[in-house]
Amino acid sequence: MAYALDEINAAPAGEFVAALGKVFEDAPWVAETVAPARPFATVAALHEAMLATMRAAPADLLLAFLRGHPELAGAAAKAGTLGADSTSEQAGLGLERPADDAETLAAMNAGYLEKFGFPFIVCVRRHTRASVLSEFRRRLTLDAPSEKRTALREIAYITRLRLVGLVDGPGAPVVNGSLTTHVLDTSRGRPAANVAMELFEVGGGQPALLATGTTNAEGHTDQPLLEGEPLRIGCYELRFDVGRYYSSRLAEQPPFLGVVPIRFSISEPETHYHIPLLVSPGGYSTYRGS
Amino acid sequence: MAYALDEINAAPAGEFVAALGKVFEDAPWVAETVAPARPFATVAALHEAMLATMRAAPADLLLAFLRGHPELAGAAAKAGTLGADSTSEQAGLGLERPADDAETLAAMNAGYLEKFGFPFIVCVRRHTRASVLSEFRRRLTLDAPSEKRTALREIAYITRLRLVGLVDGPGAPVVNGSLTTHVLDTSRGRPAANVAMELFEVGGGQPALLATGTTNAEGHTDQPLLEGEPLRIGCYELRFDVGRYYSSRLAEQPPFLGVVPIRFSISEPETHYHIPLLVSPGGYSTYRGS
Amino acid sequence: MAYALDEINAAPAGEFVAALGKVFEDAPWVAETVAPARPFATVAALHEAMLATMRAAPADLLLAFLRGHPELAGAAAKAGTLGADSTSEQAGLGLERPADDAETLAAMNAGYLEKFGFPFIVCVRRHTRASVLSEFRRRLTLDAPSEKRTALREIAYITRLRLVGLVDGPGAPVVNGSLTTHVLDTSRGRPAANVAMELFEVGGGQPALLATGTTNAEGHTDQPLLEGEPLRIGCYELRFDVGRYYSSRLAEQPPFLGVVPIRFSISEPETHYHIPLLVSPGGYSTYRGS
Amino acid sequence: MAYALDEINAAPAGEFVAALGKVFEDAPWVAETVAPARPFATVAALHEAMLATMRAAPADLLLAFLRGHPELAGAAAKAGTLGADSTSEQAGLGLERPADDAETLAAMNAGYLEKFGFPFIVCVRRHTRASVLSEFRRRLTLDAPSEKRTALREIAYITRLRLVGLVDGPGAPVVNGSLTTHVLDTSRGRPAANVAMELFEVGGGQPALLATGTTNAEGHTDQPLLEGEPLRIGCYELRFDVGRYYSSRLAEQPPFLGVVPIRFSISEPETHYHIPLLVSPGGYSTYRGS
């Protein structure tokens, strides 16, 4: 489904627009406008050109464009008439499913549209459900120019992700993050092997299990706990089964440390988060590593 | 309700037995036996003498004594016919209330009685509900001599607590523990003031809030989080609101650290647990202090 | 040699001046001026009144007062004609002894006198030799009004120490600091006992041993490493013999940790510094505690 | 100067012996014996075969071989008649230069020869001067069979290093170690950039500067502090200039942390040592990482 940048650069304008016309929601004119500026040396340069086109659009066209975005978990989502991209993007949060806060969300959507004249736009792939809702509440309080800038910045995030998914080539912007850990047994000055762990999202109601892992001989997990897409802004808890790791060494029952929970927030989705645990039977440290 | 040790030492034997006859469940003969050995120099010596009497009792008397103990959350507890001491002791765990695990408990009580010939005895004031149940399961697997020793050790804990509650005097054994904390802001090399915290018991189903606190200018809470009785063996979580403490300093949203949970177990009820938090915006340490 | 505040308050003016006339160098008029304002409720109030008198003095009297101070390691110190207080105060730094930097010091004294019109005044009891010299260099660069304020502030420190040494009574200002440590073995969750340590001053040439200690069962030293006078501003190194503490547990030779040096600076002489060591065979933490 | 393993495997026996005859000191018979067993699949297999030949040698030949080794800083070293390999190996420690402990060393050499019948043999490239001397003292106390085993183990280290220096090929044993660091600023949750550091050997008299470095944007040094040969068993101090790193942020003078020294020992020369510093203005942690 992805195109090579070279191919896109060399294609007739019509094919170029057919390929990239949906990157900006219902706005093929963005692709049309940048087509003559080809070739682009990098994917990032192509994206920058498209963003510049969007920002330079006449006020009424830009407003129509903003209005063309679907509501968050709105009528289109419920009716299944969202565009394919928006559908899969929104699905990640489960916002389209009936929920306790459905009425709240409907009220916020209505209030937002009333205040700003277009729907609330957010790059949901960079958020947990909890952070979307808190961000929604925060943005409702902004003044119109600030909020318009915020909406355009979110569109930059949305379209960057879509474009990177469509076009392979040099100079692709970084859109993915990752989460790794490392467990060191400071009572022995050695990596701690065979420590089981679970990663939960804990920002909303019940903690939701996202990943599990076990440390190898180097104290790492073989694979990052999260990778391959943007991290989602939100609150997480990483739980290490330290009690079992030390169980053969300690007589004390129950041991001082059993499950060690590390709770932290992610605010930079396109970044590497490294959350080490330095542990001893009598205590531990953690920090944002690198 | 408490007697001075001097008073107890000087009282006629009848009064001595009236005062202390209920320390050992339904076994006034323990007090009767030690009465002539008075005076005792310390409360601990009095307790030791009573325990020696119990251990030296003829096998059938000792068995009758063990059989005289009420079941845990058993018929007597439900019917309200427990002795006053046992009633208040068991009440601390809520075991007498109907619960999901009531059938399990009934089955364990029956199995235990069948295997060992007397009811399961445990000093409930040193336990959380979760640790009573796990201890019950563990003790069901012991052989008869080991379990009899364990039951007598528990009676030593029960009677020590009752005796210390009844008799004031020198040389009272330590029966209380305490839990304290201390929050240091290592990014400033200063105590962290006004950090709110909550203490939960987390060994069983839902976390149960036990205490709340806020650090003062020295980074301590004005009062220990727990004190004045034995700590209960079990698993706890202390949650510090670090996010709010740093909120004025940090732009990053959400901040890396919000609520910092420290989960730890208590295994020594008559001890001081000190659980400090050394915190910085980018990480923290905790350990069993002193 | 010390007087009770009550006694000083009640004494005839002549005796009051005889007792306190030397607190301000060669300036009995300070004591004479405050004598009629007696009684003072606290030692601090007495000191404040004396300082207010000094600050309110006519410019020429104040200048004469400043000029009445001896040079640091100057001619009077070498000739042994310093007042008793100044002699013992300066002796603590060894500045009167011939040293490599004697010429430097002489040049700084001359330069200072030339620039400001009075000798360099510093409360040497709050300083190490290294910090006196660096402070001297720094103050040579100040403008005249700033430096005059600094000199008066130093006189406040000098006279506060002298007064607290002369007068016992309520409301004495805090003039002493202390330095303590605490060693916790996080590999066992227990205080580390029998850890030997040495405290050095390391700001100047060769490290100078100031104190030694060994941890007791609680992981503390029985006495603070420093106490009973102001801490001296400067750089210190506390060296813990961790290698010997763990020697029976570790096969690895040499062990990863042998002597653990903690280097830190003291900038607040009237304060408690607590420098804990949380140690494990594979690493350690330290921090400014409280 | 190095040969490819393939080349060595294919060469006539005479050339093979010419190439590798000096790997074992004055013992070309080792190479001669293994020549017919070629080809060797790996460098490690070749070394193992040579060691097996040495160990299987008749007792008198083995003793002659051991006696053929030069004394440590002995007559041959002083006269400049050591073999080229031994000369460069011993030079690393400066043991051939006159020193305060020259007499001690001569006495130990004599005592060792008297006790064991051959000179003290040690792989000096794996040692600092201080650790050679302490190892010498330790080994003088061993019984003859233990010490003979120790001497043969040292010859295995010496010849492994020589062989790896002579023969390139697959399956070369690991003979090098490395030392790296990482500085994290936990007060910001970010790597600490531009932190200058110095590495000293501190096992003997005066600390000897071995390397300097500065952290880059990731908190690492661009190159390991030590690499490309075996680490030398001994005691080291890594000093980080934390004071300058924080100087723009802190008003307190002098700052609590200036130069932070981390002292640690290396006992495994063929290993990677990672010594991170997690630092905040009010404290720090270090540990043996990985």
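In order of appearance the chains are A, B, C and D, and numbering begins at 1 in each one.
In the analysis below, a contact is a pair of C-beta atoms (placed from the backbone, for glycine too) under 8 Å apart; a residue touches a chain by one contact, two chains touch by 3 or more.
The shown structure was predicted, so the numbers you read here are calculated from the model rather than taken from an experiment.
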Those chains which touch chain D and also touch chain C: A, B
A-B compared against A-D, more contacting pairs: A-B
Label of the chain whose CA centroid is most distant from the centroid of chain B: D
Interchain centroid distance [CA atoms averaged], chain A/chain D, Å: 49
Gap in Å, rounded to a whole number, between the CA centres of chain D and chain B: 56
Multi-partner residues of chain C (at least 2 other chains): 184, 186, 189-190, 256, 278, 280, 282-283, 285, 287-288
Partner chain D, residues of chain A touching it in the complex: 182, 184, 186, 189-191, 218-219, 278, 285, 287-290
Touching residues on chain D, where the partner in the complex is chain C: 131, 233-235, 237, 252-261, 263-265, 267, 280, 282-288
Complex contact set, residues of chain B against chain D: 184-190, 256, 278, 280-283, 285
